[in-house]
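Scrolling down, you'll hit the structures one after another.
Shared chain: chain A. Partners: chain B in the first complex, chain C in the second.
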Partner chain A sequence: MNIVVCVKQVPDTATERKLRSDDNTLDRDAADGVVNELDEYAVEEALKLKEAHGGEVTVLTMGPGKATETIRKALAMGADKAVHLSDDALHGSDALSTSYAMAQALNKVGFDLVVLGSESTDARTGVLAAMLAERLGVAQLTLANKVDVDGTSITIQRITDYGYDRVEATLPAVVSVVEKINEPRYPSFKGIMAAKKKPVETLAIGDASIDPSQVGLAAAWSEVVDFAAAPPRAAGTIVKDEGDGGAKAAEFLASKKFI
Partner chain B sequence: MLKDEYEELRKTVEAFARDVVAPVIGDYYEREEFPYDIVRQMGAMGLFGLPFPEEYAGMGGDYFALCVTLEELARVDSSVAITLEAAVSLGAMPIFRFGTEEQRETWLPRLAAGEMLGAFGLTEPGGGTDVPGGMRTTAVLDGDEWVINGTKAFITNAGTDITGVVGVAALTGEREISTILVPSGTPGFTVSKKYSKVGWNASDTRELSFTECRVPAANLLGERGRGYAQFLQTLDEGRIAIAALSVGLAQGCVDECLKYVRDRKAFGHPIGHYQAIQFKIADMEVRAHTARLAYHHAAEKMLAGEPFKKEAAIAKLVSSNAAMDNARDATQIFGGYGFMNEFPVGRFYRDAKILEIGEGTSEVQRMLIARQLGLGDL
Partner chain C sequence: MDFTLPESALAVQRGIGGICSRYDLGYWQRCEDDKRWPEEVWDELAKGGWLGLAVPEEHGGGGEGLLELAVATETLSASGAAGGSAFTYVLTPGFGALTIDRHGSARQRAELLPRLATGEVETCFALTEPDAGSNSLAITTSARRDGGDFVVNGQKIWITGVQRATWMLLVTRTVPAAEARPRSHGLTVLLVNVPEAVAAGRLSYRPIPKMGANTTPSNMVFIDDLRVPASKVIGEVDQGVAVLWDILNPERVLLAASALGTAEVALRVAVGYAKEREVFGRPIGANQAISFPLAQVKAKIELARLMIYKAAWCFDRRLPCGTEANIAKLTASQAAWEAADAAFQTHGGMAYSHEYPVARLLTDARIAKVAPVTEELLLNYLATQVLGLPRSF
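Coming up: the complex of A and B.
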């Protein structure tokens, strides 16, 4: 099975994240880049499927040159090779144009199954899996916490508010995974060393037949008009219980129209 | 600046220590319980196989990769770090270095995978530094079996559920020391209950006794009579590993203080605002940093195949001092909370002292350094 796992480099959620003042896009230099956490679950699931069914795992990422760090980590975990879609023309692409560019790259690379995290910790649109499936004309199996492949048929459990749905499709397909699906492995030193020798192919937009007028900031359907830092959280009110704590709590809830 | 692959390893272990070890190790420590689940995960990551070749299920790395790993683990907790250090550097490494092909194939794959732990028995209740003069354990060849009698003290990893083999240093003749591999469960080999220790409370440390304990003659490790030379070499390397572990503890103290002094307020400011605190933390960072340079330098010489005895002794001495000094200062900065076991610095304080004792005391390091300066014959 030819599995492509899409990973994204995002700013470390543990550090302060910023937007750039010149074009209101993410300031990628302001914070350390790490693998989007949910994508680690996607890599793990892809590796498990490969271990169970054979085949090959290819990592696909779209991002600036710095994103090679993210590719290296996925390769160190055990993926076989990587494709890095990188072009200045892609800067500022929104979800719609990202899905177009990624779909073009996926068509060039070829796949039986595409696996990705259900959302990224930076943009958090959570729509890429669905858009990719539409662009590619294949089944979409989103929000999976369990994936089973049997021949060319694929079944997932999609978590819902009321339990889960069982969703079946025929390969090729796009699957997005949630964090409950597995426990991502830590790369071993052997994996880290081996990753250095694994092939990484860099694609510019021309290499993947991507129309430059369809991507980048100028082609984005949505625009960040303005942004401001979140105001610091105001200090809470502390009520001392002097025998009337219950009444004061009720008073507070009533003032907020909770009771 | 670490080379790429070491930096990636460092980041991986840092994330593991933060996400897997830190949240639970305080409880293990409090219960004085060996953290099997953490050790199993360290094994799955290949940490126990770091310096061994792939043919023995190793990671194909080197001793420096082990040191970088020990430092990152000890930034969070020393018990798990010493478990790894003793298993690799004292348990598995002598088998890899001095063992026959058969001994390597028997033990290394499981040791390198962390499925089995190895230990090394050198110190005795009546003799630590005083080897070989103070050694009392004997091994006598009787037909095709060694018969071992004696007691070993303070042996790390000796009594866990997954301990598989102990290398025992024993007198096999007049001032002749040899190392013999004794599998766990051999009749006549008994493991006492765990010591009650000041620190390293989530690691396994035991007294071992051997009474008419018989193992096959083929369990001799390396040549007969080479035991002393073997463990001198093992200990020279081990000093660099303990130095790395000490640097980790020293840096862990800085990490904890940097968080605390931003939050803790006194007299209207975070306490980090005051120079008395700032200077203490600056000194702590200096100690951790210079000690790190010392162990990196010793490891570099060792890996280049150059003599490194003096550098290893210097690294061990400065880094164990750094760990002890930083633990004391960090505890002081935390005030009353520093004296509470639930805060990591309290644990660091308890774990630091042994670093000036184990794998050669600070006095032994000074002795080695003086000898290397040519003062040994005066």
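Coming up: the complex of A and C.
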């Protein structure tokens, strides 16, 4: 089975994240880049599927040069090779144009199954899996906390508010995973050392037949109009208990429509 | 000159750092309080191949050396384990794998190295005796030749990790110290199968209640007419001193690395507190009485680290490394103690509370000044062996 796992480099959630003042896009130099956490679960699931069914795991990432660190991490976990879609023309792409560019790259690379995290910790749109499936004309199986493949049929448990749905499809397909699906492995010593020697193919937009007019900031359908730092947390309300503390607390909760 | 760490050592920092990032100071405090081996971290280290870093690749290891082990020990210690718990890493990857690889017979290497690399088999090292600590050549545990075996009798003390060890690297006298010429002659290092010796009633041990480092018990060991086959000699009979120095120098380097890690975590904790804690309307770290000792510690940490890496570099190239290993150990234990002391002073009275990790770090830093060798002995070595000054003993 030819599995492609999509990973994204995101700014470390433990550091202060910033937008650029010139074009309102993410300032990728202001914070350390780390693998989007949910994508580690996607890599783990891809590796498990390969271990169970054979085949190959290819990492696909779209991002600037610095994203190679993220690729190496996925390769160190055990993926076989990587494709890095990197081109200045892609800067500022929104979810819609990212899905277009990624779909073009996936068509070039070829796949039986695409696995990705259900959202990224930076933009958190959570729409890429659905958009990719639509662009690629294959089944979309999102929010999976369990994946089973049997021949060309694939079944997932899709988490819902009330439990889960069982969703079946025929390969090829796109699957997005949630953090309940597995426990990502730590890269081993040999994995880290071997990752340096694994092939990483870099694609510019022309290599993946990506139309430059459909990507980048100018082609984005959504726009960050303005941004501001989150205001510091205001001081809380202190209720002094003079025998009526319970009632006051209830009044407060009612005023906030909690009860 | 190139100060860049090799890719292998950077991989160790990233890999072990990644594992350890999921275990906070509270985890290590609980291991210490419960006197339990850090199973979770150990299992991850075993799974990732981190225990076999210095085992050759043909025996299933990473094919690296003491430098990578030192970086591993430092990373583990600095993550919060501190010296007391980082010692768990020294027992098998250091004492066991490094020694068997360099001095074991082809058969010993083939049998043991693959299992040491995975952590399936663990080791401990027994040298110190009640009457032979700093003066280790004066040990009296005897190994008498009897046919194809050695018959061993004696006592050891401060033997850490016996409980988990399948094999003990036991240092014995095949020539009594009084008859040995030179005094370093007549030592023989034996591989003793601990569970078998215990089952046969020939070896027993008793844990020593101790001040800290309780994730691994340290023991009194009693050996009574224990038969060890001659095939279990590491290196040559009577020539064990060559093996011994290749255990003791790496031990100095690895315990220097664990002390360095203690210093790093103590400094990190102290700096964090000095930034947050406000007295008289400003963070206490703004006071130079607080900040200068921490800055001093930072300088000492960097110096100790350079010396540790240099000593390991020498050992891996089979160059003499005694001077470097001793200086590394001296500077690292001093850095650890000063860091823990500065962390204590920075925390004021709160350092005395077990809600903060300072007390544990102080305990771990203090033992670094005497184990595996006292600072006085390190200074003696530098004075007599390096500077050529007359001996006092």
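What we mean here is this: the second predicted complex is superposed on the first by the 249 of 259 C-alpha atoms of A that agree within 3 Å, B and C clash if a C-alpha of one lies under 4 Å from a C-alpha of the other, contacts with A are read in each partner's own complex, and residues count from 1 in each chain.
The criterion applied here is as follows: a contact is a pair of C-beta atoms (placed from the backbone, for glycine too) under 8 Å apart; a residue touches a chain by one contact, two chains touch by 3 or more.
If you're wondering where the values come from, they're calculated on a predicted model, not measured in any experiment.
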Review point. Taking the superposition as given, does A:196 touch the first partner, chain B, the second, chain C, both, or neither?
Key: both
Exercise for review: For A:186, decide between first (touching chain B), second (touching chain C), both and neither.
Suggested key: both
**Study point:** Partner chain(s) touched by A:162 [first = chain B, second = chain C, both, neither]
**Key:** neither
Point to revise | Shared chain A contacts, counted only where both chain B and chain C touch the same residue | key: 185-193, 196
Study note, to complete from the structure: The residues of chain C that touch chain A in their complex are 7-8, 11-12, 14-15, 18-19, 44, 47-50, 52-53, 62
Check your understanding: Tell me, which parts of chain A touch chain C in their complex?
Key -> 185-193, 196
Check your understanding: Can you list the chain A residues touching chain B in their complex?
Key -> 72-73, 76, 185-193, 196
Review point. Along chain B, where are the residues that touch chain A in the complex?
Key: 4-5, 8-9, 12, 15-16, 41, 44-46, 50, 54, 59-61, 65
